[in-house]
Amino acid sequence: MHTFFIEKTMLYDGTQLSSLWAYRTLGLPGDSIVAFRGPCRLDFAHMVDMEDVLQQSPIYGSDMLHFIIEHFDAGLGRTILRQRLLVAIINEIVSSRGSSLKRDGDDLYLAGRKLSISIATVTPVSTMIHTALNVTAENTPVPAASLVEMGWSGNEIPALAEKIFTAYAAELESVKRARCKVRGVN
Amino acid sequence: MHTFFIEKTMLYDGTQLSSLWAYRTLGLPGDSIVAFRGPCRLDFAHMVDMEDVLQQSPIYGSDMLHFIIEHFDAGLGRTILRQRLLVAIINEIVSSRGSSLKRDGDDLYLAGRKLSISIATVTPVSTMIHTALNVTAENTPVPAASLVEMGWSGNEIPALAEKIFTAYAAELESVKRARCKVRGVN
Amino acid sequence: MHTFFIEKTMLYDGTQLSSLWAYRTLGLPGDSIVAFRGPCRLDFAHMVDMEDVLQQSPIYGSDMLHFIIEHFDAGLGRTILRQRLLVAIINEIVSSRGSSLKRDGDDLYLAGRKLSISIATVTPVSTMIHTALNVTAENTPVPAASLVEMGWSGNEIPALAEKIFTAYAAELESVKRARCKVRGVN
Amino acid sequence: MHTFFIEKTMLYDGTQLSSLWAYRTLGLPGDSIVAFRGPCRLDFAHMVDMEDVLQQSPIYGSDMLHFIIEHFDAGLGRTILRQRLLVAIINEIVSSRGSSLKRDGDDLYLAGRKLSISIATVTPVSTMIHTALNVTAENTPVPAASLVEMGWSGNEIPALAEKIFTAYAAELESVKRARCKVRGVN
Amino acid sequence: MHTFFIEKTMLYDGTQLSSLWAYRTLGLPGDSIVAFRGPCRLDFAHMVDMEDVLQQSPIYGSDMLHFIIEHFDAGLGRTILRQRLLVAIINEIVSSRGSSLKRDGDDLYLAGRKLSISIATVTPVSTMIHTALNVTAENTPVPAASLVEMGWSGNEIPALAEKIFTAYAAELESVKRARCKVRGVN
Amino acid sequence: MHTFFIEKTMLYDGTQLSSLWAYRTLGLPGDSIVAFRGPCRLDFAHMVDMEDVLQQSPIYGSDMLHFIIEHFDAGLGRTILRQRLLVAIINEIVSSRGSSLKRDGDDLYLAGRKLSISIATVTPVSTMIHTALNVTAENTPVPAASLVEMGWSGNEIPALAEKIFTAYAAELESVKRARCKVRGVN
């Protein structure tokens, strides 16, 4: 799958969660994970998580590290499993500087404060994931944790992003290999 | 899904990786994760991982914590994702005593020594996973790590098993819920 | 799956056949069958059955018992089988007062007069069913049968609805169990 | 799908539940429902229902009407839905002589006595159903009901079989048509 | 599956690639392949091939033989395989007059000049294919080949269309039969 | 996917149609197409095509070019489509020396004489195809055509095999790309 970091800061406003986004904007065909840094501002019309809409939870962050993933196969259930695996991978990588994160499904917490947001959904031709981590935690709607606080400085963000998406792509590659080396049993 | 710990020590010899095993031996119908403790001894005829067979890697352990999982839906690919998630969960739980494990796909390593074995395969009616952790690391075919060495004493094994399978069942339950709360996008 | 009866009378106008309706309006996450009583008035823009649109068959009823079902798995074919099973269940329950209904696919007839309407369709994240039974048969576009005529008085409707959706939920639960107790054959 | 009645009396011993049986023995390629009359005698090795094996329930009947169905698509879950629909259809047809049968999942009861047995399972290339009705109820392992007792004489069995398999084939044909006439919704 | 040739000349403008088109406009329910002759003019808003949109490749033809196909099962991947098979069939039939076409995926070339366009996509309830061949090659955006040039005169087009869609329908029918005559292996 | 030509002459006796064959014997993990040259001799116990078994058609050839393909995804139907595409590709390549082959489903004929045999089937973990072409046509059970007769000399067979499997792999690669460049329609 393609992995890519967009150097330019960009606003995440939910329009990126749309089929063929990486192909249309970056020319990347097929499965991809794309990262960029920027604020996050979502009006309710662009939220896909009905739980947030029902609870009127605003989604907002002034400086986040975003990942947009697209997989061209059917099966939202399968992509939610991939999303969980991505969050577990982020946990493994981000925690390596000593902070003790707690993963609860697709959420990451540092001492009860939320570090991340994440959602997985379906398009007519693919499934997609958006996951984002607070780089800083200013002006967040709820008390939040941040990468900076955990020892990742702002200029390390591109390298951290690459570490994460490389691990994600390697994981899925190895899942595919594992699929092809077992015999069935009765 | 059902979760169960078998009190009695049992040998894992590969025959447990067979459809409806938990139903036939424990009366548990449907999806299940069952744990037990015991040695592990697999002749090549019972190995499902052709990589091990090709490399003639013996699979052996004198004292391991075993998990046998069965999911009654099609899709080996999906169950391999669940297997990875299980191993990530084990990593999160076992590491909580301070040791720094490294997960590489479905393997866990402590300072380069292997703590675990794991395989996922398919039956005519379901998919299954076997994952096992060394309780001690004596007489293993390769230098190995063990739960005891990481601070989990022998009589804590049942509680550790329960922690792990409860977390796995909760994870899959929350995956199912996540599947039902998003709208699609274009 | 969730079962629920909405006490308040409500118009069915087709907007209920929309993904996550039970979650958005009743807070019920996941698979559900919801019943309510009320008139039925569908303009052609809200009809999903192209056969009705092509034949310009109006869909109208002044007092009906409605069921809205949502299943969060793919497969319209599978949900049409569930729809047929629902109509067979309704037949078994409603006929128990002695009237002899005839089921023809997803339609129920009493002496040639139609008692019910039903449609199954797909949303981006789920499949849905709408089935409705005439409580009375006044002002229907074609000669129709009614529950009242078959011996179910107006104030028995909530109890009848519950009988039906309980049986439907139990049927699907037992289908799931049956899935997990057989071995494959050659 | 093919429908066929085998004139000659035949023993059902479980070997008929094997892929391509109708093709290999009758030359019928593709989906089929085949009926025949004869005794039923199943040793445990040929039982596919592990519940019966666990409970050591013998399966035996001296004179039954058998249906063997094969569908060449994946999905045991879908075929269990079809099995339930078949049993509902049998209920609708057999009850038409005035007896009041009760369907409970894939079982039919007359006043608490069992009329039928049924199982659905999977082969490497298809899914299959066996359903059988007691023609008479002599020498059955548990108190049983019979078609004769419900007013269907022995020489009406071929006609009854045809009524049932014609209705089953028509139902599935109409399910397929229903699949192709709806638009999706949001 | 239904096969149909529309006698009247019609413009292909992309609106035909919409679910249930053959049912809504011709009354043909279920899988179908419909052919007609006419110009082709697609604005970018109706293009489904993002590659063409990205490259701003106009799609235009003054006189083409069009095929619109709809299959009511899930799986864009499977329908792309069918599309390739259709193009291979067209190659086999059109080449029979001696010209040597070269097929490259879903494109046909005569001496480097393009004879055809083709796309496969997904609707909420089905998958669809549009394939078109130049009858003449005037005013095409790129140097093009034509059926006329290959020896198929204008008034042979309906017969050619029929030859093609009959072969396509027969191919898929025989694929279905092949699905039902093999046993599985280990 | 892996492509490979085995230099050594080998007998095809049906045992090659077994899951993970290319992995177990050549170390090739994942999807693969492997070619080799040799006689073909199949007893009925190793035939997977029940039509041949029913008709007692012997399968025999003294010198054939064989292709063994394995795809690690479910769906026999999809693999039969791939098989047809392979045979169409062989037709396009082999015919390029001027002979006019006729493809009928998965069979190739030269002037009514059969050039090829082909079957697709399913394993517990994958789907597989065997296709073989007569290099010479001596001692065949029915009058047969051969590659030699069509202008491909014996020592060109490895190059021809490579041409074919390279085209097949490229076709499936381009199918995968086509899957990822379209938007859905309504």
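The first chain written gets the first letter, and so on, giving A, B, C, D, E and F; residue counts start at 1 in each chain.
Note that a residue touches a chain if its C-beta (ideal position, glycine included) is under 8 Å from a C-beta of that chain, and two chains touch if they have at least 3 such contacts.
The shown structure was predicted, so the numbers you read here are calculated from the model rather than taken from an experiment.
**Student:** Starting at chain A, how many touch steps does it take at minimum to reach chain D?
**Tutor:** Minimal hop count between chain A and chain D: 2.
**Student:** Counting one step for each move to a touching chain, how far apart are chain C and chain D?
**Tutor:** The least step count works out to 1.
**Student:** Which chain pair is joined by more contacting C-beta pairs, A-B or B-F?
**Tutor:** Output for the comparison: A-B.
**Student:** Find the geometric centre of each of chain C and chain F from their Cα atoms only, then give the gap between the two centres in Å, rounded to an integer.
**Tutor:** Chain C and chain F have C-alpha centres separated by 50 Å.
**Student:** Centre to centre, by mean C-alpha position, how many angstrom separate chain A and chain C?
**Tutor:** That pair's centroid distance is 39 Å.
**Student:** Determine the centre-to-centre distance between chain B and chain C, using the mean Cα coordinates as centres, and give it in whole Å.
**Tutor:** The separation of the two C-alpha centroids amounts to 43 Å.
**Student:** Touching two or more other chains, which residues of chain E qualify?
**Tutor:** Within chain E, the residues that touch at least two other chains are 19-20, 23, 50, 74-76, 121-125, 176, 179, 181-184, 186.
**Student:** For this assembly, give the contact graph shape among line, ring, star, complete and other.
**Tutor:** Looks like something else, not a line, ring, star or complete graph.
**Student:** Using the touch rule from the top of the page, what pairs of chains touch, sorted by label?
**Tutor:** Every pair of chains meeting the touch criterion: A-B, A-C, A-E, A-F, B-C, B-D, B-F, C-D, C-E, D-E, D-F, E-F.
**Student:** Touching chain D in the complex: which residues of chain E?
**Tutor:** On the chain E side, the touching residues are 19-20, 23, 29-31, 72, 123-126, 176-177, 179-184.
**Student:** Can you list the residues on chain E that touch chain F in the complex?
**Tutor:** Per the stated touch rule, the residues are 17-19, 48-51, 75-78, 80-82, 84-85, 88-89, 91-92, 103, 105-106, 119-124, 128, 171, 174-176, 178-179, 181-186.
**Student:** Considering the complex alone, what residue numbers of chain F touch chain D?
**Tutor:** Residues in contact with chain D: 50, 53-54, 74-76, 121-122, 124, 186.
**Student:** Report the residues of chain C in contact with chain A in the complex, numbered from low to high.
**Tutor:** Within the complex, chain C contacts chain A at residues 20, 23-24, 27, 74, 124-125, 183-184.
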